[in-house]
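In the two complexes below, chain A is the common chain; its partner is chain B in one and chain C in the other.
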Partner chain A sequence: MGWNLIRVYAVLVYLFMFLPVAVVVLLSFNASQFGAFPMAGFSMRWFVALWENDAVMRAFRTSLLLGLLCAIISTTLGVLASLALVRYRIPGRNLLTTVLIAPILVPEVVMAVALLLFLNFIGIGRSFPMLLAGHVIFTLPFVILVVQARLVGIRRDVEEAALSLGASPRQTFFAVTLPLLMPAVAAGALFAFTISFDNITGTLFWKPGGVETVPTQIFAMLRHSISPEINALGTVMIVLTVGLPLLGAALARRLAMKSGV
Partner chain B sequence: MGAVSLENIVKRFGSFTAVEQTSLTIAEGTFTTLLGPSGCGKTTTLRMIAGLLDPTEGDIVIGGKRVNDVPIHKRNLGLVFQNYALFPHKTVADNVGFGLRYRKVGRAEMARRVREALELVQLPHLAGRYPKALSGGQQQRIALARAIVIEPEVLLLDEPLSALDANLREDMRVELKRIQERIGVTTVFVTHDQSEALAMSDQIVVMSDGRVEQMGAPEEVYNTPASEFVARFLGASNILDGRCLSRGAPGAELEVPVFGKVMVPSARAPHLGGEGPAKLVIRAERLLLRDAPPEGGAFSAPATVETVDYQGQSVRYFVRAGEVQLQAINMIDERPFPVGAQVHMTLRPQDCAALPG
Partner chain C sequence: MSVEARERRQPWILLSPALGAVALLLLLPLVFIVVYSFWLRSAVGPDTVGFHLDNWQRALTDPFYRYILLNTLKIAAITTVLCAVLGYPAAYFVARSRGNKVILLLLLMLPFWISYIIRTMSWINILGSSGALNTALMTLGITSEPIRMLYNEASVILGLVHFLLPFMVLNVFVSLDGIDTSLEDAANSLGATRWQAFTQVTLPLSLPGLAAGGLLCFVLAAGSYVTPVVLGGPRDAMFANLVYEAIITQLNWPMGSALSLLLLFVLGGLVALYNRFLGLSQLTRGLG
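Let's look at the complex of A and B:
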């Protein structure tokens, strides 16, 4: 009896969480131009409309570029920072870790305002590079947390063995450390991409005039009307931000199985 | 191949001194063991030879060249670790060939040398496997192959057998010694296991608290320990505090509890100067328990059996003679003495060693 109640409760929780998402996905295939039930038939017209909407496509390209650059920069910085924090004795290590992780703990809107005020203070206007810098600040902690956890598990003596066999420290990093770190690097990059891709709070504050990312574009469109195009855009975003990490995880697992790590 | 010498090496970590002023020479082609309990500085010493640690003071010389400022990857050393440290993302062949990639070796020669190294460790059929699929013993053989395929000047082994289980450890001990003799590489072996040290070494360096206690051939270290620490660390020993009554050319006459006056031959008392406090070292295997006192001149004293630790072909007894408890490890024919038995301990003076008190 008790277990049945818990089952029902669990199903209700899942419904509460995922029903809205399901509705959006379902309605994005609705033939009617009113985004409401009952559905008038299956159609891809809103996806086509998206494709033909210049503003949306521009926002999409901006988000993609922003996400990719953010992933590359965050991952590179995150790996380097993790190496320094885990492999070397550096003064103030704990303080440094806390500072690097802090952006997760500080409320996003506070971070957003703070960076904007700081940029104003030093007289740098809003621009794409500044937007990118903001996204990197947000995503770096996730990369560091993931990479650091993995790096701690890579035994130092494996690297020492490579050194003793004649590989320089740099060669050792690329031949041994990085390949062993790869699952974490890939996970970190995916985190960075998805977090950047659907960030809205910071982006609203930092984006230069005339530049829109997908989330800010949706936000802008919602102010006028609830177009079924938004449902289609939502579906595309779900596919990207859910599908990509799942794909990445599956890929990482296959790689790991092959190499027996 | 090269000789290794440490000249007045000191290693400090902050205020802690891991290795105190140590000098030692390892002759070319020999097998030298650094032996001691954990924390004695043996691994620190090995890591300084490897270049993984910088000495605080002193020089490290390999093959006639001072290498203090030569980084590890330019020292051409083979290093084998306790936990194998194979590259988990590379096949056995790629693991073994790793060092050759940084040595301008052609593809064909690389394949040949990898194959030869794998044959030397008797695992040529595992070339395509990943380390995860190998047993501990196999992994350690591959690690050894990886270290020797680069033809290192010195082979450094950091407790390579201690992660293996007991039977395998003895096989690997024989195997390791066979391979070392075959290729004749100067080898430094670190262990806390005295039987490994005694069985494999040309030279044993016994260390304790960052100091070298004694250096010498296995028989020398075993038979004539230079200190009480060495006597206790290598084998089971009874140590009786007494006095040296006289020291002459034939030997030293000691007076100790239980046995009274014992004449220790000079060869067994090289570290004992003259009269004064002295210690008598009696190996547990040399203290024989008998039903009756021996005929003739052997030393003897009565005792009572307190503990019997039966081990099949041998027995470890703890016996009491007055205030003193002694241990004796004896081979037995049939059944051991029971607890409480009255026995006679017999001893040949030439089996004892004398130490300064």
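Let's look at the complex of A and C:
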């Protein structure tokens, strides 16, 4: 009896989480002019409108470029730091880890203000480089946490075997360590990209006038009113940020099974 | 260079880019805004360098700022309690479920991947004047005109709960999942009712997870900027909105620095307090 109550409660909580999002997807196919209830039939017209909306397409290109660059830089920094933290005995490890994940501990607004004023002071105004710097520092702790968790599982004796068989440290790294690291690198990069793609608060502080990312574009469009076009954009975002990682995870699993790791 | 010396230097070479980035892009900027908060804004030209307490005096005594700060903390507190009330039973269900835990967990993680702005604006579709709820109410003939449910404090809290609930559920789940279920069985076999076993064994053991989830919810809610703008009315500004206003709209950067630091100190103090509290609770757990 008690358990059934908990089950019903949990289902209601899940519905609370997912119903509003489902309504976004549903309304994005709404044929009616105003994009609200009642539904007036199925239509793809809002996706076509999105495709033809220059501002939205520009925002997409900006977000993609920003996310890719951020993922490359953040993953490089994060993988190197994680290697040091997992593979070596270093004094003050806990303090180092705290410093590296500090960007999570500081409220985003505060971090945004500090970076904006500091970079501005040294001559870098609100610009794409500032945006990139902000996204890198914002995603770095997440990359480090994810990559560290993956690295712990990689055994060192394979590398030692390579070294003892006469491979140079460099050869060992590229032929043995790096391939073993790839899942961790991919996970870190995916994380950095998704977080960057989704970021809005910091972006609003750092972006130069006239430049929009997808979230800030939606934010700006909401100033007028909700429209079916925004719902369509939401649907595209959901497919991109939920569908792609799921696809990636499935692919990674298949690859891992093939290579027998 | 000897092999040993190289081995010793290697981790620092690996760490230096990341540490450099954090130092240059976070720590130094934080120190910089501490200094900046004592400067003064000039009507024309660059800000006046110096040591002036004016911004801090205003940040700490202005009744409007104080009202917004207290209101922000109040909204964050309500959000946190609601997240706990909604999230704990859901996490308990997943942790003790005999069904497909992987699917339930995946569903739990899914909201993290759905964009924050999309999840926030999705409530306009539900609560708006031609949204799902109002359409349903009018179709059923319960009201003849749409009820105003959006752009008030309640809708801001609703949006925050929707955004932060996964953080709570995940933290509680992790701590519940780590509890040995045989402890509950033992309590039951010793004559405790299921409710007693829960309140005296499971609940206390899961408190660290609840506390961690609560802290995350509170800090993230108190620092939110977007939710009050999208789901709140003009009078529902939170502290981060004040900061944005000072920095981006009024271009009063010294004042904006002081306000950001005030928020950092309030929330940072809370984190420190939690740290201490958690240390204490773990100590008692170790003794018990």
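Going forward, the second predicted complex is superposed on the first by the 254 of 261 C-alpha atoms of A that agree within 3 Å, B and C clash if a C-alpha of one lies under 4 Å from a C-alpha of the other, contacts with A are read in each partner's own complex, and residues count from 1 in each chain.
In this text, a residue touches a chain if its C-beta (ideal position, glycine included) is under 8 Å from a C-beta of that chain, and two chains touch if they have at least 3 such contacts.
Remember, predicted model here, so these are calculated numbers, not experimental data.
After superposition on chain A, the partners chain B and chain C are seen to fit next to each other with no clash. When the shared chain is aligned, chain B comes close enough to touch A:167, but chain C does not. In the superposition on chain A, A:110 contacts chain C only, with no contact to chain B.
Of the two partner chains, chain C is the only one that A:137 touches; chain B does not reach it. With both structures placed on the common chain, the touch criterion links A:248 to neither chain B nor chain C.
Vertex at the C-alpha centre of chain A, arms toward the centres of chain B and chain C: the angle is 100 degrees, rounded to a multiple of 10.
With both complexes superposed, C is the one of chain B and chain C in contact with more chain A residues. In the superposition on chain A, A:67 makes contact with neither chain B nor chain C. Taking every C-alpha of chain B against every C-alpha of chain C after the fit on chain A, the minimum distance is 6 Å. The residues of chain B lying in touch with chain A in their complex are 50, 52, 71-79, 81, 83, 85-90, 98-99, 101-103, 130-133, 143, 146-147, 150, 156. The touching residues of chain A, when paired with chain B in their complex, are 155, 157-158, 160-169, 171-172, 175-176, 179-180, 259-261. Partner chain A is touched in their complex by these residues of chain C: 10-12, 14-15, 17-19, 21-22, 25-30, 32-33, 36, 86-87, 89-90, 92-94, 107, 110-111, 113-119, 121-126, 128, 130-132, 135, 139, 162, 165-166, 169, 194-195, 219, 222-226, 229-230, 240, 243-244, 247-248, 253, 256-257, 260-261, 263-264, 267-268, 271. Only residues 2, 6-7, 9-10, 13-14, 16-21, 23-24, 27, 34, 36-38, 76-78, 80-81, 83-85, 87-88, 90, 96, 99-100, 102-103, 105-111, 113-119, 121, 133-134, 136-137, 140, 144, 194, 197-198, 200-201, 204-205, 215, 218-219, 222, 226, 230-231, 234, 237-238, 241-242, 245 of chain A touch chain C when the two sit together in their complex.
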